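I've put the structures underneath this note.
One chain, subunit A, appears in both complexes that follow, with subunit B as partner in the first and subunit C in the second.
Entry: the complex of A and B
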């Protein structure tokens, strides 16, 4: 089924265009065209929703796009690199706030991904062998993943209320750990609140993936190891974790990207303006674009964010796949 | 193999604590949704002072929840069906044919996963408005616009997962089907798709959840008539007095379809992930 002729012929040809040609030729062109036709709907949608908007976003980042030009953004004057220099001028308020938001996001992402991975892996390893209630527990653990983000996060927002929330009721009223009820959704505590919600929401995905990965480890490996007298911890270290490495490689990357770009959790938890301590980058850019109506600067910040994610992903993939042939999709 | 006692105990403790953490918000949601307003306005109570189903009646009139519900169902349902069909075609193309640009396609599609949503939110908004002005097809503010957006969000993961799944279906099967007189599409739908049902169900669940739960684009791209639950639910919280019991009741109601569907189909999801994503 190898296609040798230049595929451009097939790509351009609409399904009926070759009708007058002899039958054999039609079949050949069809065969060349077929994979492209199969991909066409996906490609068109990716172009419409992801790729073209991304290019426009990059163009916008070089324009002075304030509220006056929203109706006709093409008419907005070019701004050169002004939006970028504004974003990375860390002495001025805008750049300073962006840098702060970036550091907050980094700290948040590292902690959240680490905890999600740890909880997910521990639970999956504990549940590797069958025991009574295992299927039920597995279903329970997937509930946070299945719940719609807004429903789950709004419940957490209720729990974190200062006067009528569960968290203060337990910490202050029942355990007496704080002198007065704390604020969780404003001030420094908001970072903790955000982290708790993010881990609660994110760890089941790690659990799901690691669990699937564990099912692919051949049982014989464990049998052989226990005949050789390896204990459970040794089996974990020598068999389970090394076998999970390819799974973890993808899992950590996906968790990292999702967490770093997370908008939904802080948006539902805090509303449009996140407290400074939990000012994640997506919210920050949203705020810079929609609340101040400065889309040029917002786009420049988004492009910088994308560049950062590209670099991190590239370095990560280079480091983790060294010595291991990159999986060819 | 009998596990040592210490292992069993550490497992018990860990899993119990984790279950508590996981179910705490579920308990709060459920119990608060049955409380009278005084219980949720004052200090938190583990147990309601009295049970009432009043919040479940009031939620429908405080905000037009039924309308949001229908909007979400239409948007998420259509996005799921289209996303699955399009992903099946694309994954079949990639897994069964060699052609120029294949690697470029898979890498591009996968890399869209790392785009920050915020980067293309505004451009997409502009594109939809301009398409609307040029052709009269209203994409901005309409369900169609949201459906196109959401189905594309779930496409990369769906295609990626189905490629892995289709590759595990032996090629001899489709070749046998073609010998029997089926075309490539006949082979796809008679042989490959039936063999890949768990993967397809997993992808459908994922696509539905993505569309049902998305907040950012819903908050910008919908208007009063097309508003989905993701935005509509905030209606209870914008009043001066937040009706927390109603918020919890509404959260529970909007969660039921996805959680129930997910738990029913989670076996497929695990099976689908095992064969598809995790190779």
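Entry: the complex of A and C
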């Protein structure tokens, strides 16, 4: 047995003073390569699912890709910057409508993200205390997040119907708050309807993330603060919010991007043509490409949106990181 | 570390944003082949009460075809909300069905993509010739002056459905023949939460179908002879205004109808809340809502004066479903055989009977099933007073632009704000400027 085992050992560790070095090197190479290898499938999928279509989208934005060419994209003539100049000519109807949609989306995003964050943080802070039914409430709060978006928004669309909807039944028939039943799915109120659904759908995520963030704040800080006589508001201002800063930085960014790009909610609520007051940019671009079959202009608008979001994200990250650095000092 | 994190966050951001710009890829192959002669894929539109019901109706027929020819047809019934997007995706990727149903108003738009097999004399020869089909139905199968991009499969037209009990209660003896009559009758009916006429104000296609007819009655068209948009002519403005005024000025349409887009007006009709609807084939849906056939009547859609006919007496669009063959099919002979089978007199009779539509194949119209009072009104309309929607490549964009304008005007009227000739013209002008320049 020992005789047969010996050559094997010898093969693995040949005699000589230089032997240990290459072994260590291969080990190091392996250690360094392993994470990349593990990341490779994700990277490939990322390329395939996101980056390649994005690059194609950018190419499309420079083409005159109308119904006459969708069958053979290669044959579509180059449009230069035509699609872009059409999109940003704010005196003409197409540019004007895009700008209007952009402002609507900005107002909607600021309000929705603000309310989601406020509701989520408030609920998370109050749910830190141990009380009866806490688990149940936590579960209930997370329901909107767990429901399939499509089914949930269709239910909202039913509730917002003017003649048979629950919202008007309560506001008009039972509470008598309005003179006549209001329209929620057309006209100016559609903005409010969209905002309500968006906040209802989005705040549980803020709640979940802030709740997780709160778990990491040491209890001793609060105990020390209360011994020093700090009230609840002061504790919130001096301990909770500063400790949540890194969490909030990511949370607000993610909520911002999701809300700004939200397509499902307006599409299910209003159909292919959203009312002017609730004409979010994602659905506006959908209409400018899929419904009118003009994929070049739609792509140009998408690229403009992409640039805008990149700039906002870059500025946001730069500002918040600098703020944190200053706070760290 | 912080820089790495920022970079990682930016990478995540880029991925999140990418979803917006994402679109498919293109390919092109011309002409069909016979590489797989034993199978066909068929996309059927949803004609019955549900997708399942359609599968039940079509499967035995497809089995018959398989028995006759040995070709197996793989069926997929696609809901209307998805059909056009699916066709566009198939056109773009080149991965489509062999044979498919299309809404006849899309014919010219889809024809422009070049994805559909043109029905020239040779192809028509393989299905028994062009003359077998009703002329008005063929007029809605592609751009005027070029070979049709599809052949008619089911034909429909609008009619006025009226609720007999509500008419009786209001002391009205019969259905109105002109719009003035309709408004006069409507004022008698529209009180105590009951309304005279239903409308699907937020449904873009429905809006288009109605304002198109009103425009014809005002001697106007939404496209000029060269196929250029002409939305702001006096006739077109008057047409849109007359339709929206039924709610705003005449008050015979309930304001709530401004947000209807899911056929809610048929529910109101069946529940005795609305006395009239303008519809294509409502019988099956009304039955599903618990209304028996003798509770409603059918009459031609009103005109401005006189009786329905050609030109300014048009009272319906030519509605219907066409059948098309994808040019890059790998079973071109089989696809033509299948179209021949589906447009045969036997199949036309069976299928149109089931769906409550009129066969566009002349010989199949002789069956007594298409002679009921309701279907007779639709058949006469198709033969005498229906006109095809504009057969231009930008028809689809027109539906969206003008359909949305009418939807917004309905929203104004419903909110009690005045809808004037100037405001209608402004909306239509905006719509026209959104149309492609080429």
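The definition used in the following text is that the second predicted complex is superposed on the first by the 286 of 329 C-alpha atoms of A that agree within 3 Å, B and C clash if a C-alpha of one lies under 4 Å from a C-alpha of the other, contacts with A are read in each partner's own complex, and residues count from 1 in each chain.
Heads up, the rule we're going with is that a contact is a pair of C-beta atoms (placed from the backbone, for glycine too) under 8 Å apart; a residue touches a chain by one contact, two chains touch by 3 or more.
Predicted model only: the values in this text are computed from it and were never measured.
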| item | value |
| --- | --- |
| Subunit B versus subunit C as contact partner of A:215, first or second or both or neither | first |
| Partner chain(s) touched by A:311 [first = subunit B, second = subunit C, both, neither] | neither |
| Superposed model, subunit A: greater residue contact from subunit B or subunit C | B |
| Touched partner set for A:110, first subunit B, second subunit C, both or neither | neither |
| Contacts of A:241 with subunit B and subunit C, given as first, second, both or neither | neither |
| Which of subunit B and subunit C A:299 touches, first, second, both or neither | both |
| Which of subunit B and subunit C A:285 touches, first, second, both or neither | both |
| Which superposed partner A:53 touches (first subunit B, second subunit C, both, neither) | both |
| A:162 touches, of subunit B and subunit C: first, second, both or neither? | second |
| First, second, both or neither for A:185, with subunit B first and subunit C second | second |
| Common interface positions of subunit A, toward subunit B and toward subunit C | 46, 50-51, 53-54, 56-57, 60, 73, 161, 163, 250, 254, 257, 261, 282, 285, 289-290, 295, 299, 302-303, 305-306, 309-310, 313 |
| Residues of subunit C defined as touching subunit A within the complex | 2, 6, 9-10, 13-28, 85, 88, 91-92, 94, 109, 112-115, 202, 204, 254-256, 258-259, 261, 393, 396-397, 400-401, 403-404, 407-408, 410-411, 414-415, 430, 433-434, 436, 438 |
| Subunit A to subunit B touching residues, read off their complex | 1-3, 6-7, 32, 34-39, 41-43, 45-46, 48-54, 56-57, 60, 73, 119, 122-123, 126-127, 129, 131, 137-152, 154-156, 158-159, 161, 163-166, 168-169, 173, 200, 204, 208-209, 211-213, 215-216, 222, 226, 232, 246-247, 250, 254, 257, 261, 263-264, 267-268, 281-282, 285-286, 289-290, 295, 298-299, 302-303, 305-306, 309-310, 313, 327-329 |
| Parts of subunit B lying in touch with subunit A, wherever the complex brings them together | 1, 3-4, 7, 11, 14-15, 18-19, 21-26, 28-29, 32, 40-44, 86-87, 89-90, 92-94, 96-103, 105-110, 112-124, 126-127, 148-149, 151-153, 155-156, 159-160, 163, 184, 209, 212-216, 219-220, 229-230, 233-234, 237, 244, 247-248, 251-252, 254-255, 258-259, 262-263, 266, 269-270, 273-274, 277-279 |
| Residues of subunit A that touch subunit C when the two form their complex | 46, 50-51, 53-54, 56-58, 60, 66-68, 70-75, 92-94, 97, 161-163, 181, 183, 185-187, 250, 253-254, 257-258, 261, 271-273, 275-276, 282, 285, 287, 289-295, 299, 302-303, 305-306, 309-310, 313-314, 317-318, 321, 325 |
